[in-house]
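Sharing a structure here in structure tokens format.
Letters are used for the chains, namely A, B, C, D, E and F, taken in the order the chains are written, and counting of residues starts over at 1 for each.
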Amino acid sequence: MNTHPIKLVVLVCEAALEKPLCADVKRLGARGYTVVDARGAGRRGERDGSWDEDRSIRMEVLCDAPTADAILNHVQAAYFRNYAMTVYTADIGVLRPEKFGPS
Amino acid sequence: MNTHPIKLVVLVCEAALEKPLCADVKRLGARGYTVVDARGAGRRGERDGSWDEDRSIRMEVLCDAPTADAILNHVQAAYFRNYAMTVYTADIGVLRPEKFGPS
Amino acid sequence: MNTHPIKLVVLVCEAALEKPLCADVKRLGARGYTVVDARGAGRRGERDGSWDEDRSIRMEVLCDAPTADAILNHVQAAYFRNYAMTVYTADIGVLRPEKFGPS
Amino acid sequence: MLDTVVLFFALGFAARLAKSELKLPAPLYEALSIYLLLAIGLKGGAELAKQNVLTVLPQVGAVLLLGVFTALLAFALLRAGRIAHADAAAIAGHYGSVSVVTFAVASNTLVSQGIDFEAVMPLFLVLMEVPGIVAGILLARLLGPRDASTPVAWGPLLHEVFLGKGLVLLVGGLLIGWVAGSDGLAPMKPFFGDLFKGTLCLFLLEMGLVAAGQIGGLKRGGLFLAGFAIVMPLLGAMMGTAFALMMGLSVGGTMLLATLAASASYIAAPAAMRIAIPEASPGLSITCALAITFPFNLLAGIPIYLWMARLAHSMAG
Amino acid sequence: MLDTVVLFFALGFAARLAKSELKLPAPLYEALSIYLLLAIGLKGGAELAKQNVLTVLPQVGAVLLLGVFTALLAFALLRAGRIAHADAAAIAGHYGSVSVVTFAVASNTLVSQGIDFEAVMPLFLVLMEVPGIVAGILLARLLGPRDASTPVAWGPLLHEVFLGKGLVLLVGGLLIGWVAGSDGLAPMKPFFGDLFKGTLCLFLLEMGLVAAGQIGGLKRGGLFLAGFAIVMPLLGAMMGTAFALMMGLSVGGTMLLATLAASASYIAAPAAMRIAIPEASPGLSITCALAITFPFNLLAGIPIYLWMARLAHSMAG
Amino acid sequence: MLDTVVLFFALGFAARLAKSELKLPAPLYEALSIYLLLAIGLKGGAELAKQNVLTVLPQVGAVLLLGVFTALLAFALLRAGRIAHADAAAIAGHYGSVSVVTFAVASNTLVSQGIDFEAVMPLFLVLMEVPGIVAGILLARLLGPRDASTPVAWGPLLHEVFLGKGLVLLVGGLLIGWVAGSDGLAPMKPFFGDLFKGTLCLFLLEMGLVAAGQIGGLKRGGLFLAGFAIVMPLLGAMMGTAFALMMGLSVGGTMLLATLAASASYIAAPAAMRIAIPEASPGLSITCALAITFPFNLLAGIPIYLWMARLAHSMAG
């Protein structure tokens, strides 16, 4: 079955950013997102998720390359300096590419 | 260390589909699956996971290409029209490829 | 926006391994990890997460290729024989590659 | 006067409308519903144990029929309003089944007003969970557009309906309560009895949050559906009242049966309908049942049905 | 003598220091905090219902001012200690707001010692949640280094502060308690009343676990911050005592207002500050508020503030 | 007659066998177990506070020994049945340790039958958690096939055993109860006391669901293991009864010690064993302990052990 190439952007960050990020990615052109609760560790120490201020989320956004770029640019400018955050992108394949195209 | 190429199929959908999907992917040849609880938004609106009918899951299936194809075909036919669902595939590498081969 | 290629290692396993694995990946050079609670099925049967001994986790580690290799080698030697565990790797892109380089 | 528990629903509703961050964790919602279902079952079972159950056997059939009739009535109204076949059937399934929490609030109202009711009512609650749902599915599948590609898989479906969380806990509680009796349950009373109202408050808070979140569905549903979600419970209550009179129930029992007929399910029905009638939009059913009918019953319906029951009994002599 | 509830905090603290596996599931933490906030609000509301609220109107202004003053005092101390501007403002916001659980333990102490206090105190608790936080934000934004790239988005911010979980549940509970009165709440007393202390124990167990986990932050924070986290509550308590005398509160009320002024928020403030002053290190505020000030208040502060209140009243009176 | 709490286990068991959807959310399972462990500890501690603890010191050694002996006995039986070395050691570790919930049901049975028992029993429960587990590990590592590649990392292991959730909460509760005494705990009684039985019911419901889910393991385990899981508790109970007589316990205390010896751990042991003896199949231990021995003890064992205790006491004089 033919899948169409598209970008996956994954953002792992403090739970406090969930609401702003959801608004951000929609504004920047993504048509949806998926969030799961997470815990972890990184440069800013351990975040073991045991209470409100210690929780992290993992957000996935499927979108076209320009939108992915826009998201990377935005989160880099807005959040990298002050928040615990890790971002990566991957090339994946989807059916129905129009579902994730520019909105 | 040498990894072997294999397919990753990711399905994000309404929690109501968890049981049928588990049965489906096994029937179609997958040897396992991994599920996490999720929330998100897409074409069918926001699903914020706050109560039973609003929960989503994210299922990952590692399998060979023919099985991946079979899964894509099946979910497209069976669920795309009536359910909130997003599917994508990626090429990844595993050790022990026989663990994910045709069953 | 230019992303830099890096390895993603995903480990799905019994929750009992969370603590040892966190220590392992750090020792082997990873600078961080992300964990989510999961359930699933595989060679060792169904693990539906309904009680302590039945829970699984899904851990993601972003790291350079040698570290990824070291992690694969280690978990293969230490856990494959006796634990429910699935491991895969993918090539992904990150900003700030130094964040995930050798520590 | 409104019962205090309803204020918690209002708080949740208002908080969500104001876009507050307030959110109950999903496992808490599940825990509360497990508690309520079990507690209602236990209490009902202990009451039943004091009775000769055989005497109610003839009433069982009537109650099952009432569930089917309310589903049919709802379906007829909705089709008359040009609601799509699948949607009409799914909504009918919700209204044919019952709302456990509405029942809890209604019986709570009776207790605080000192009005007696038949010990068998919780059994009727259990009995009315299922037939309306099955009727809804049949309406979708038998009368629906011939669509050979989707035969109903009755096996998994009946499994979903009969072995879903709701029915298992209600029936399980009923059986345990019946076997143990009031004495056997006495040591659990501080848990399953005394905490009932407080737990109900928390659950209603959550229901308020969820219901207000469904308000958006009203736009899609349109004025007709909004009207339906208010008219249907009133008609259902009348039907329930009529059945209760025929069955010889007391004023309290009549009011409760009317409430059951007037209420729409949002625990058992949505899950079953999503699998059984996938082509129906789940948003429509939930908006009607949860965002309109549920608060309507809490705020206005329950007093009306009590008045209705009194009127019917005074007329019937 | 120490109240038993404090032992649960100690257990959690010790368990975490010993690197025990013990961990409360996150939804349980959320459920406990929802319960405590609601229960405190309800109880306060029911007390208020017995009162003529108008008579306390003049006190409202004083209490709001007290929140702002403690924030300003904290900020001045921190800047004097060369804490970075943003960090100082964020910590000031935490100390300007209040700790609901510290309040609960303090009022619990009064009750078990048979000391009366004004029914209006929970209202003051609610009033003091917000002004300190707002003062902290203003200190960061108005006095801070001109940084044109980050104007404050007051809209979402005030939304976060006023419609956060904490305030919605406290105010909601207060209103419900006020409308329902003690009689209306009586059926929920087994839940919201009798279980209060036990729930507080579990919550304190979790707080002990979390607080001990923040101990590591002390190294980064340094000795000055550690000293601040002990001196500040004492100064805050003095300020609170002075305000209470001016407001004509009883000994119990004075002690509670002092405790409120002495306590630092870790429910409402952290979430708001993280969004409003992102350049501040959240670790510093939390370490001060939760790992030092909170246990200090539990173990030493509350008895001191009671002694302070008695002294002040005997001197004033 | 069966205690009502056991019916909840049966409900869960039946629901799972019938493949019902019913499932308790994982955080609820955790919350219930935290509550039960703490509550048992607290109650025991408050009882201990009334006693001169020194008088029980000699009994401590006996109880520790009993744990080791039951583990050795289990190991010998299993090896005689040709169970693989690692599996035998792991299962022995489970049976050498104890089941907190079985203890709770047994003491509950005594209370409802008005039979006294020694206040020190919960301390014995705590003491018996660990030695059997350690014995199991030693059996695996010292007697096992020489396998140089996996030396035991005793550090993390003992950490896991002594600082696991189970022991920390039991011991913590015991200490708090002991310090606070009955008076200090009185305000928490509505929570930790009155709700105990209801919470136990919910936990048993969940245990029923889990136990039935392990039934599948019986096939792999085979008839010998199924027999072991019934014979072992009986032999353990005899050993416990003998120890109790030597220690001079009352009838109630004897029955409880027999129950402890007869029960198998499924909170502390599985986690420790999974890390310590990874080559053992976890399914076998869990199936024996949870799917057979646990229900056997609930349904048949507890009455038998009481009868055994009475018989032993009447024979002993």
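Everything below uses one rule, namely that a residue touches a chain if its C-beta (ideal position, glycine included) is under 8 Å from a C-beta of that chain, and two chains touch if they have at least 3 such contacts.
For clarity, every value in this text was computed on a predicted model and none was experimentally measured.
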Count how many hops through touching chains it takes, at the least, to reach chain F starting from chain B. 2
Neighbouring chains common to chain B and chain D, by label: none
More contacting C-beta pairs: D-E or A-E? The answer is D-E
Between chain F and chain D, is it the same set of residue numbers doing the touching on each side, over half shared, or a different set? different
Between chain A and chain E, what is the gap in Å from one C-alpha centre to the other? 34
Distance between chain centroids, defined by C-alpha means - chain A, chain C (Å): 19
Expressed in whole Å, how far the mean CA point of chain E lies from that of chain F is 42
Which residue numbers or ranges of chain E touch two or more of the other chains? 23-27, 30-31, 190, 194-195, 271
Residues of chain A touching 2+ other chains? 36-37, 90
Strictly by the criterion at the top, what is the full list of touching chain pairs? A-B, A-C, A-E, B-C, B-D, C-F, D-E, D-F, E-F
Residues of chain C touching chain F in their complex? 14, 16, 20, 37, 45, 48-55, 79, 81-83
Using the touch definition from the top, list the residues of chain F that touch chain E in their complex. 25-27, 30-31, 34-35, 38, 159-160, 163-165, 168-169, 172, 175-176, 179-180, 184-185, 187-188, 190-192, 194-195
Help me check something: in the complex, which residues belonging to chain F touch chain D? 4, 7-8, 11, 14-15, 18-28, 31, 112, 190, 194-195, 197-199, 201-202, 205
In the complex, chain C touches chain A at residues 1, 3, 6, 8, 22, 26, 31-37, 60, 62, 90-96, 99
Provide the residue numbers of chain E that touch chain A in the complex, in ascending order. 23-24, 26, 29-30, 156, 206, 209-210, 213, 266-267, 270-271, 274-275, 278-279, 282-283, 286
